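Quick one: structure below, then a few questions.
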Amino acid sequence: MFNKFQTIMRKKIVEILILLYKIKHMSSTHSMQDIVTQVRRDILRMVHKVNSGHPGGSLGCAEFFVSLYNEVLDLKEGFDMNGTNEDLFFLSNGHISPVFYSVLARRGYFAVDELNSFRLIDSRLQGHPTTHEGLPGVRIASGSLGQGLSVAIGAAQAKKLNNDSKLVYALMGDGELQEGQNWEAIMYAAAKKVDNLIATVDLNGKQIDGSTDEVLPMGSLEAKFLAFGWDVLTIEKGNDIEAIVAGLHKAKGMTGQGKPICILMKTEMGNGVDFMMHTHAWHGKAPNDEQLSSALAQNPETLGDY
Amino acid sequence: MKEYSNQGSQDTRSGFGAGLTELGRTNPNVVALCADLIGSLKMDQFIEENPERFFQVGIAEANMMGIAAGLTIGGKIPFTGTFANFSTGRVYDQIRQSIAYSNKNVKICASHAGVTLGEDGATHQILEDIGLMKMLPGMVVINPCDFNQTKAATLAIADHEGPVYLRFGRPKVANFTPADQNFEIGKGILLQEGTDLTIVATGHLVWEALEAAKTLHSNGISAEVINIHTIKPLDKDIILKSVGKTGAIVTAEEHNYLGGLGESVARVLAENNPTPQEFIATQDTFGESGTPAQLMDKYGLNAAAIVKASEKVIQRK
Amino acid sequence: MFNKFQTIMRKKIVEILILLYKIKHMSSTHSMQDIVTQVRRDILRMVHKVNSGHPGGSLGCAEFFVSLYNEVLDLKEGFDMNGTNEDLFFLSNGHISPVFYSVLARRGYFAVDELNSFRLIDSRLQGHPTTHEGLPGVRIASGSLGQGLSVAIGAAQAKKLNNDSKLVYALMGDGELQEGQNWEAIMYAAAKKVDNLIATVDLNGKQIDGSTDEVLPMGSLEAKFLAFGWDVLTIEKGNDIEAIVAGLHKAKGMTGQGKPICILMKTEMGNGVDFMMHTHAWHGKAPNDEQLSSALAQNPETLGDY
Amino acid sequence: MKEYSNQGSQDTRSGFGAGLTELGRTNPNVVALCADLIGSLKMDQFIEENPERFFQVGIAEANMMGIAAGLTIGGKIPFTGTFANFSTGRVYDQIRQSIAYSNKNVKICASHAGVTLGEDGATHQILEDIGLMKMLPGMVVINPCDFNQTKAATLAIADHEGPVYLRFGRPKVANFTPADQNFEIGKGILLQEGTDLTIVATGHLVWEALEAAKTLHSNGISAEVINIHTIKPLDKDIILKSVGKTGAIVTAEEHNYLGGLGESVARVLAENNPTPQEFIATQDTFGESGTPAQLMDKYGLNAAAIVKASEKVIQRK
C-alpha cells in the first residue's frame, strides 16, 4: 500500500522536477557547466601538486558528479553518517576521489581550501575516500575495487527497513565490473527487489592496461544487467549535463517498481582536456607543469581556484 | 582446586543462536544476514520471530559483508553468519575495507571454526581465522569456550560499537560457565589459581585446560588456568601477572600455532617478560576428516597434550 | 590452421562416436544404468556409515558422472596430475564427493574397497575432494564453493599452450553460481575464447536453505550465460543417461568454435530414492538405518557392493 | 664493520620484472598472469617477449588465482602479479584451497606491499600479507630487501616446487646486495656481526637496519644484523645462534606487529630461548597517504626507530 502510494508520489514529483529543471534550464545549465570547469581545474591541480592520483576517470565523471550533487540528490544540510531521510551516494571506484572531493567541497561539505591537502600525510583527503579520517560526505572507504555496490544495497535495504523513502545511488567503473563481487550484488539486488537503488556505470571503455576490449572484452553490459533482472537505461552523452540530469531523473522515475536501476553512462576518460582524451594513459598519471598549464588553459577559472 | 562441572554438553553455535534470538527480542536495531547456512548457524528462531530483519544473501559471502556494512549506515547492527572460513579468509579484503577500515558496526559471527567441525575436512576447517582477524586494526576477536559464554558474548558484542569477530564451533562440548555471566570483552577470566605454570586457553581448549590442570594437580603440579575468550584486545595484565608468579606458560587454541593466540602471547611476553612457552595448537598443517575427538587427539589439542606441554615447560624454567 | 583442422576432426570424431553409441546403445544403456544403481548404493552406504556427507546432490548427478566417465571422457590408463593428452574433469561443487569417489573407484582409479574409508580419519577420501592425500582422479581440492571453474579454465588454457587437443570438463552447482568468482570466470572464458571447455551446471533448483528461488532467485541462467558470451545447451532430462550422453556429445561437437560451452542440466536432487526427491532436505544429511534399508531396497545391487 | 654501499637506488618490483624477463628466456614453462596492473608489476618486457605465455585476467584476482592453479596442471609455472593486498587478502580462500591445500606450483608475486606504496593510502597498503601467507601450510614467504635480491629471489622460486609468496615494493630503495648472488630460500644472511644485540630485518627494513647498526656502532653498541628474506620457512638456526650470543633482539618489518615476522621470531624464542625483544613494525593501525619517507618516519619504520628500539632492548637484558 505504502509502497504503491510512494511510487505514484515519486513519479509525480519526478515529473514536476523535470518541468522545474526545464524552466530553470536556460539559466542553470550555464552555472552547472561553470562548476564542471572549476571541478576540472580542481582535479588537475590536486593530482599535479602531489604528482599522483587519477585524473582520467575523474574528468570523465565531472559532469555526472556535478549534476548529481547539484541537481539530483535530495540532501539535508550538514552531514551525518546515517543519512536518514536524504539520498545517499556511494563511490565504488574510489580512485576517482579527486572529482568526488572537489564536488563535495564545492557543495559545501568541507572548506574548498582543504583540497590542498589531497594525498598529503595527515590529510582527511586520502588517496582513496575513507571514513577513517572523518571527511564529511564519505560514508564508506573504497579503493579496493568491487565493493561499493554491495554497500549501497545494504544502505538501500536499511532505508526500506526504516521506511525512509529516499534513494541510494552508486557509481562503479566499467573495468570494475570484472570483479565478481559486483555480480553477486547485481544478482542479489534483483532477487531481493532492491528498487530504491540507482547504480551508474562509468562506461568509458578503459581501464589501467588499455581499453576494456584489450584487457578483457566484456561484451554488452546492457545484456548482462538485463539478464540479471535489472532495469537498464543508457546515457549516450555521459559528458553532457543536460543528458545526465535527464537520465538521472528518468531513472528516479523508474524506482519503486520492483527492480534496481542501472544507468550505463558513456563517458570520455579525461574529458575536457584535449590531450587526456581518447586514451587510457591518464587513468592514474598526473600532468607535469607544462601539461597542467595547457590543461588549465582549456578550462578557465570560473568559481575561483582553491 | 575449584570444581567446574559440565551442566550438559551443548554446541557453542547454539549459544550464539540463543543469544541472537534474545537480541531479536530486545534490540530492534539488530539484523541478521546469512549465506545459505541458516540451520548450521542456529539462526532459525531469530528468523521466525523477525523475518523482516533477516537477509538471506545466498552463497555470496563477499556481498554479505558489503551489505552488512551498508546496513550499519541506516543504524542497524548486522550480525553476519556463515562458517568461519567463509567469514574470514573468503572475505578478508571486504572486511578489511568495508568494515574494519570503514569502522562499521558489523558483528561477524562464525561457526564451525577449527578441526572440530569434523568430517567435512580441511577446506572447511579454518585454523587461521584468529590470526586473520587479529591483524585488522580495530577488530575485536572473541572465541568463547562454551554454550553459556557464547550466548553471553553474543549479547555483549551488540552493545560494543565497532566491528567484532565472534568465533564458535560445531560439536557439543562441556557447558560449565555460569548461565547468568556478564561477558566483559577483553577481560581474561582466572579459572584456576596455581603457582607452577600458567595455562592460557581459548575456545574449546578451555575445558581441556581445566581437565589438564586436574591431572597436573594429581601429578603434584599446580597450574593456573586463564580463559582468554578475547584474543584481541588481549588482556596483557592477567597474563603478565600470572606469568610473573609462575614463570612458565602454555597457550592452547584450536588454531595454527602460526599467527594465533600463542604468537600474540609470545609477543607480549617478549616485550615485557620473556618466559618459556609451549604452544598447544596445530603445527602448520591442514586438518582432515574425522570425528572431533579423533582430530583433537591427532592434532594434539586436548587435555593430554596440555599436560605434556605443561610438564615440558616447567623443565625449561 | 591447426585449430581449424582440429575442429573439423573433432566434429567428425563426435559424429562417429554418436553412431557408435547408438549401435552400442541397446546393450550398453542397460549396463550404464546398472552402474548408476550401484553408484547410488555406494553413495547411500558411504554417507550412512559416517552419518555425514551429501547424498542429495550426489544422487542427482549419478547419471551424469556415470555417463561422463564411462562414455564421454577420453581418458588414458592410470593417473598422472598433468593429464596430458586426455580429457580432464574438475568438480567445483566438492560436497558431492560421494558420487565422484564412487564413479572414480568403479572406473578403476582406486580399489572399490577404499570407499569404506570415506570421511574417516587418515583417509584419502576426504569429506571434500583433495589432492593433498594423493587420491588418483582428483586434480584440485574443492569444497569452498565457486573456485572450480577458474581452475578448469586454467587447465584448458594450459592444454592450448601445450597443443593438447583434449577437452576440459567442469561441474558446478546451481546455488554455487551465486558466488561471484564464477562470473569472473564466465566473463573471462568468453573473452579469451576458451573453447575447449564444457562446464555443466547441476540445475536442481535447490541449495542448503531451500530452493534457489526461496534463497536467492537466480532468474534464467541460460540468459545469463548467453549474455556473458557462452554457447548454452540444456539437458532437460538430467537423470536420463541417454539424454546426458547425447547432450555431452553435442557439447563436444560445439567446442573449438571460439566459445566456451555451458550445459544446463536439469536434475532431481536425491534422484532414485523416493523419499529424498522433491526436497532440499537431503542436501547434506545422511539416512538412518531404516531409511538406508528403504533406499537400498529401491536400488538393488548390480555390480557388487564394496 | 662491513661496508655496504648503495649501487644506485631502484625499486624492488623492477627486480622482479628483471627476474621474470630472464625466466621468460630461460624457462619455457614459466607463464605470467596479471590483473590489470602490468606496468606497476614491471611485466611489460616478459609480455613483449612471450605474448602467448601471458594471461591478462582483468580486474578479477580470485579468478586469476584459480586459473594459475589450473595452469600448473598442464605443467606450467605460473607467476601471478598484482598489488600485495589483492594478491593475498583479496584472494585468501582461493589461495588456501586451490593453491596451498592443492599444493600447486604457483608463484604469487606481490608488489606495492606496505606503507611505502605511498599516496594511494590505506586501502592499498597491506600490512598483514606476511601474516596471511605465513599461516598457510606449505606456503613459502619471501620478502627480499633490494633490486638485486628480488631478482635473485624471482629466479630461485621458479626452481622451487610448490606455492610461494614473493613480496616486494614500489619505491626506489638502496640496492646494495651482490648482483650475482645465489638466493637460498629459507637461509637468513648475516650482514653484520655484533655482540650486543641482534637485529633481524626483512624487506625494505634491511637497509635501515644496516644504517641503524652504523649509528649504534658510533654510540658504542655492537649490533648483529641479519637479513631474513624468507619469513617462512624461518631460519631458526641463524636467529637462535645470534641471540645465544647477544641476548637481545629487535625485529624490523614493514608490517603490522601483529602476525608478522616479529611474532614468528617471538614464538621461536619463547620455545627455545626466551629473550627480550622489541618490535619495529606498524602498531596495529592502518596506513595513510603520504610519501614513502614520511610514512616510514611517522610509522616508526626507519633506522632512527631501530636505533631507539636497540638501545631500549639492551637495557632490558
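Chains: A, B, C and D, in written order; residue numbering restarts at 1 for each.
One rule holds for everything that comes next: a contact is a pair of C-beta atoms (placed from the backbone, for glycine too) under 8 Å apart; a residue touches a chain by one contact, two chains touch by 3 or more.
Small disclaimer: the values here were computed from a predicted structure and weren't measured.
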item: Common touching chains of chain D and chain C; value: A, B
item: Inter-chain centre distance, chain B versus chain C - centres from mean C-alpha coordinates, in Å; value: 37
item: Between chain B and chain D, centroid-to-centroid distance (C-alpha), Å; value: 30
item: Where chain A and chain C are represented by their mean Cα positions, the distance between them in whole Å; value: 44
item: In chain B, residues with contacts to at least two other chains; value: 57-58, 60, 62-63, 85-86, 90, 93, 96-97, 101, 122-123, 286
item: For chain A, residues contacting two or more additional chains; value: 130, 132, 141-144, 178-181, 184, 187-188, 191-192, 216
item: Overall pattern in which the protein chains touch one another (line/ring/star/complete/other); value: complete
item: Interfacial residue positions of chain B with respect to chain C in the complex; value: 34, 36-40, 56-60, 62-63, 85-86, 90, 118-124, 286, 288-291, 294-295, 298
item: Complex contact set, residues of chain C against chain D; value: 81-84, 88, 90, 130-132, 139-144, 147-159, 161-162, 164, 180-181, 184-185, 187-188, 191-192
item: Chain B-touching residues of chain C, taken from the complex the two chains share; value: 50, 52-53, 94, 119-123, 125-128, 130, 132-133, 141-146, 175-176, 178-180, 207-209, 215-216
item: Residue ranges of chain A in contact with chain C within the complex; value: 178-184, 187-188, 190-192, 216-220, 223-224, 226-229
item: Complex interface listing, chain D residues touching chain B; value: 85-86, 88-90, 92-93, 96-97, 101, 122-123, 127-128, 131-132, 134-137, 232, 256-259, 262-264, 266-267, 269-271, 274-279, 284-286
